[in-house]
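Each of the two complexes below includes chain A, the first together with chain B, the second together with chain C.
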Partner chain A sequence: MSAYVGNIVDSVTSIFDGMAVTFSHFFRRPYTVQYPDRMPVRVQDALPYRYRGFLEVDLEICTGCLACERACPIDCIAIDVLKNKETKQNLLVRFDIDLAKCMYCGLCSEPCPTGSIHHTREFEGADYSLESMVRRFVLDPVETYKPKKSGEDDPAIVPILERGMRYVNEFAVPEAPPKPPKKDAAPAVKPAVGAAAAEGQP
Partner chain B sequence: MRAYLDAVAAGYPSTSPALVYLLGMLAFGALVVFVFILPVAGITSWVERRVWARIQSRIGPNRVGPGGFLQWLADGLKNLLKEDVIPAAVDVPMFRLAPYVVVAGFCAAFVALPFAGSLIIADLNIGILYISAITSLVVIGILMAGWSSNNKWSMLGGIRSATQIICYEIPVGLSIFPAVLLSGTLSMQGIVAAQGWAPTSWHMFHSPFAFVAFVMFFVGALAEGNRTPFDLPEADSELVAGFATEYSGMRSLLFFLAEWGNLYVIGVLVSTLFMGGWQVPHFTDNAVVLTVAQFATMFLKAYFWVFVAMWVRATLPRVRVDQFMTLCWKYMVPIGLVNVIGAATVMVLLPDGSIVLRLIMVTVAVAILVQFARRVLFHLHRADYGRLGRIGEGAA
Partner chain C sequence: MSLELEFDDGREVFATEEMTLNMGPQHPSTHGVLRFIIRADGEVMRSAKADVGYLHRSIEKIAEKVGWHGFMPYTDRVDYVAAMTTNQAWAIAAEALGGVTVPRRGEYCRVIAAELGRICSHLLAAGAMGMDIGAITPFTHAVRERELINDLLEELCGARLTFNYMRIGGVAWDLPPGFDAKVLRFLNHFEPYVDELDDLLSNNKIYIERLANVAVVSRERAIAYCLVGPNLRASGVRYDIRKHLPYSVYPEFDFEVPIGTGRHGSVGDCWDRYIVRLDEMRQSARILRQALEGLPEGPVIAKVPRNYKPAAGEVHVHVETPRGDQSWYVVADGTEYPYRVHIRTGSFAAMSIIEELSRGLMVADLVALIASFDIVAPEVDR
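This part shows the complex of A and B:
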């Protein structure tokens, strides 16, 4: 008999408390993240700054050295460079990255001497055709970048080169850099790639 | 209703009055079904999903219409347009008929449900008896669906449903008795009229026995409505979808329509039998305003219990078949019998009803609610340290 009453008391009290637990959930915020259209910030901006998203190339500082093409383990980068015998200038006529093939390993951006090829935090590439995933960075042939012995002085290229070098330096270290220099306006946690992502895809 | 049809019949002397009555009944029935039952059942499906979602720290459907309110219309439309698959090996006539029997069984219950003082389709003098009898028609439909599907899971689901209804008719009936004894009538309007708007005059606070009867009625009604924790007939993890396994499209939806509609019926029954139904203070002489207030009161009370049923569903796990039988035959039936005798004894000892006893009961109920609120706050604080940014505050 006491077990009988005990059973009743047990079930009533435990259900009572269980109902209190679930009721308390009405006063908590849901955890749901309503990607993609109802986000407080773009999800790209919330990603870690070393996130390996779509590759991007800054043609202004690309030396045409083909280091990235050689580093790519699956040959998704295709670069054609023409050498102008008279002016000794290299002409970049093709720089294609097949993002559908790319496995986002980051091996191309490590050997890049200027940080021209780099990862952004963009990742939304859904499309109806594979061809559209091939990013063609060279539309009109451009001359490759040549580092100057005296240091860069073209005001149009200086910030791009700074960004690229910062990217290279940070990519080489295993952890996040301690702190960016004070003159850098970017926030401490995501200095370089944050700036790159803010520029966005063309 | 009757008077109106009489007047209409008098206007067409050449037609038989029976035909006028029949057509009138059909038209009125269709009106009630489309204007009230379908929207209530549909909206309940949306409310239920939102309530579960919040309990599970999700958001729930919030895209269709404001706050996702029109989700039920979208779902209904989608299911209407879906293919109505009828498997080759089923018993076709029974298979096709079963959902209609289920829906008919639950719609028929609305005949005797009181919406307001003057709003009731038919105030049968055996109202509550009629409702508990006609809702058992649902089990016939479910059994038909289970048997005709020619599928092990469906059949097990159908048989379980039949077992459930047969077993739980008894404790539910026993817990209806105290309310009927207190009112001295089986008519739904009579039961409501025997109570007042104040909680002290509700049947549930008449005596401890009446209160236990109220709790037992709610539990038993959940079991009869195949609601979690008693959803053995459609136990997803054991029986795929039980009796609804082979159904698709609108036929499948009809089962769920009946389930959601049944929730509302349960809510109305609980509030009618034990919570004073549509009773409101007589604050105005305007009959229309009074009726609207009564309707709103009834609806809110009923919907509160619908909400509780959803909340229970989100809280409690499904019982096993043996636990389910134990609960019914070893606990609810004996307690129900004791309850009937106890409630009758209290009535004999206190023929006019003791206001002291009622006040004590109300006080106890308030104390239970206060304790509940304290437990909710306790769990809220314990769980929300992290979310409020206080994580590790007291940690070493």
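This part shows the complex of A and C:
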């Protein structure tokens, strides 16, 4: 009999314990996150810098080294590079990324020497057909970017390269060679670009 | 149970017969695409046979085609609730084959990420368990906390579920500036919350009545069925890979391995399996605090060639994931692709014991049983 009453008392008190927790939430700051269209900023801008959204390519600084194509485990990147025999300049004729296939792993943007291929914070890509998910970045063949020994000075490219290098620098630097000492952006950029691009040239 | 009442001419009055029920593959209370073929007599089950394979994506075979670096994103998909530990397992296996040493800061980053992932997974397990029993509120509370961790991990690696954070040789990104302060702030908020979950759910009399003494797994049976992780520890076996087959920098941390005590019933019942996960969250928080305090400086990733070709050989690594000992058997033949990858996961072992435990249980208890084992469907099939 006492166990029976004890059980009832136990049930009632434990329910009130739980209710006390629920009740205390009336006086706490709510966790509610508003719908994206009610937020003061665009939801894309509220995402962290490393967010892996749609891939984007800055053709101005693409060296055509194919490192991203090789790194992609599912071959969703297709790049065609032609060599112009007269000017010895590489010509980028195709740079397609199939965003429907892409799994947003970030393996392609990691080896990019200039940060040309990078993840944006865009993620809304609903569409009616799969074909429209293939992003074709090269509309007219463009020459690949050749890093300059003395650092970049073309005012049209400098900001793009700076953005790219900021993206690349976000990735961890391997143990050896040791981290280069902090200098201003331009000299630190130069060796990385030169080395990787030389490796990528056919 | 049929009643032995007969008409005069010998016909049974209450002829009951066994019913075959299908639970799943699409069922709201099985976690993912699981199917059980239940033979039930009224409310009492004769057996619940697990039918696995609905989420088979041949991940092990994919490994043989995408190479060492390229397989990392796929490991996220093995166990999508706790992708960090699976990442770590693959990285450790590949490093062991190639003889790569991970820098100390890289190991610490891994531990921080993995423990955050563990809390994340256990929160979902505890919350979903409450929801399967019928307590909806704790689930929203648990998912709210999980959201905070997801935000942290998103800042760390840019994704909320399929992290792809670790690389062979270390991790891809260093901790972002101010990350340790954010994790500390989260821990200060989170540790009292676990006690709150006790009040809200664990000590609730109805909840205890539903779980205590249900589907008791004895110590011997747990070992015989190769249960691992929290399911094994709930049966009173103190076995944790982090403690007993240490990897990474876990020996440097001071933490305990909680085991089931049978506080409200017998050792190894559903309630024990639940409470062990709650205790583990507290221990993970302890590890996180120590890791943040002792975080060394330096690089986070070793120099590993892009065209990674470990020497021929084989390796068998064990990693403690939230669902227990996940062991990876990897064979390399000296090329840029693994020769064979085999993953042994904790959920698969847990699935095998359900048929035996379900005998004589109520149909409604099967849901509690599945939830208490914290089975994640993609981990069963891979």
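Simple rule for what comes next: the second predicted complex is superposed on the first by the 137 of 202 C-alpha atoms of A that agree within 3 Å, B and C clash if a C-alpha of one lies under 4 Å from a C-alpha of the other, contacts with A are read in each partner's own complex, and residues count from 1 in each chain.
The rule is simple: a contact is a pair of C-beta atoms (placed from the backbone, for glycine too) under 8 Å apart; a residue touches a chain by one contact, two chains touch by 3 or more.
What you are looking at is a predicted structure, and each value in this text was computed from that prediction instead of being measured.
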Inset, instruction - State whether A:29 touches chain B only (first), chain C only (second), both chains, or neither. - result: first
Inset, instruction - Name the contact category of A:50: first (chain B only), second (chain C only), both, or neither. - result: second
Inset, instruction - Classify the contacts of A:103 with the two partner chains as first (chain B alone), second (chain C alone), both, or neither. - result: second
Inset, instruction - Based on the superposed arrangement, let me know which partner A:15 touches: chain B (first), chain C (second), both, or neither? - result: both
Legend entry - Partner with the higher number of touched chain A residues, chain C or chain B: C
Inset, instruction - Please indicate which partner A:119 is in contact with in the superposed arrangement: first for chain B, second for chain C, both, or neither. - result: second
Legend entry - Overlap of chain C and chain B interfaces on chain A (superposed complexes): 7, 15, 17-18, 20-22, 31
Legend entry - Touch list for chain A against partner chain C, complex: 7, 10-11, 14-15, 17-18, 20-22, 31, 47-52, 67, 70-74, 103-107, 110-111, 119, 170-179
Inset, instruction - Spell out the part of chain C that touches chain A in their complex, as residue ranges. - result: 66-67, 69-74, 76, 103, 106, 137, 144, 147, 154-159, 162, 164, 169-174, 176, 196, 199-201, 203-206, 298-304, 306
Legend entry - Residue ranges of chain B in contact with chain A within the complex: 53-59, 311-312, 314-316, 331, 372, 375-380, 383-384, 387
Legend entry - Residues on chain A engaged by chain B in the complex (per definition of touch): 7-8, 15-32, 34
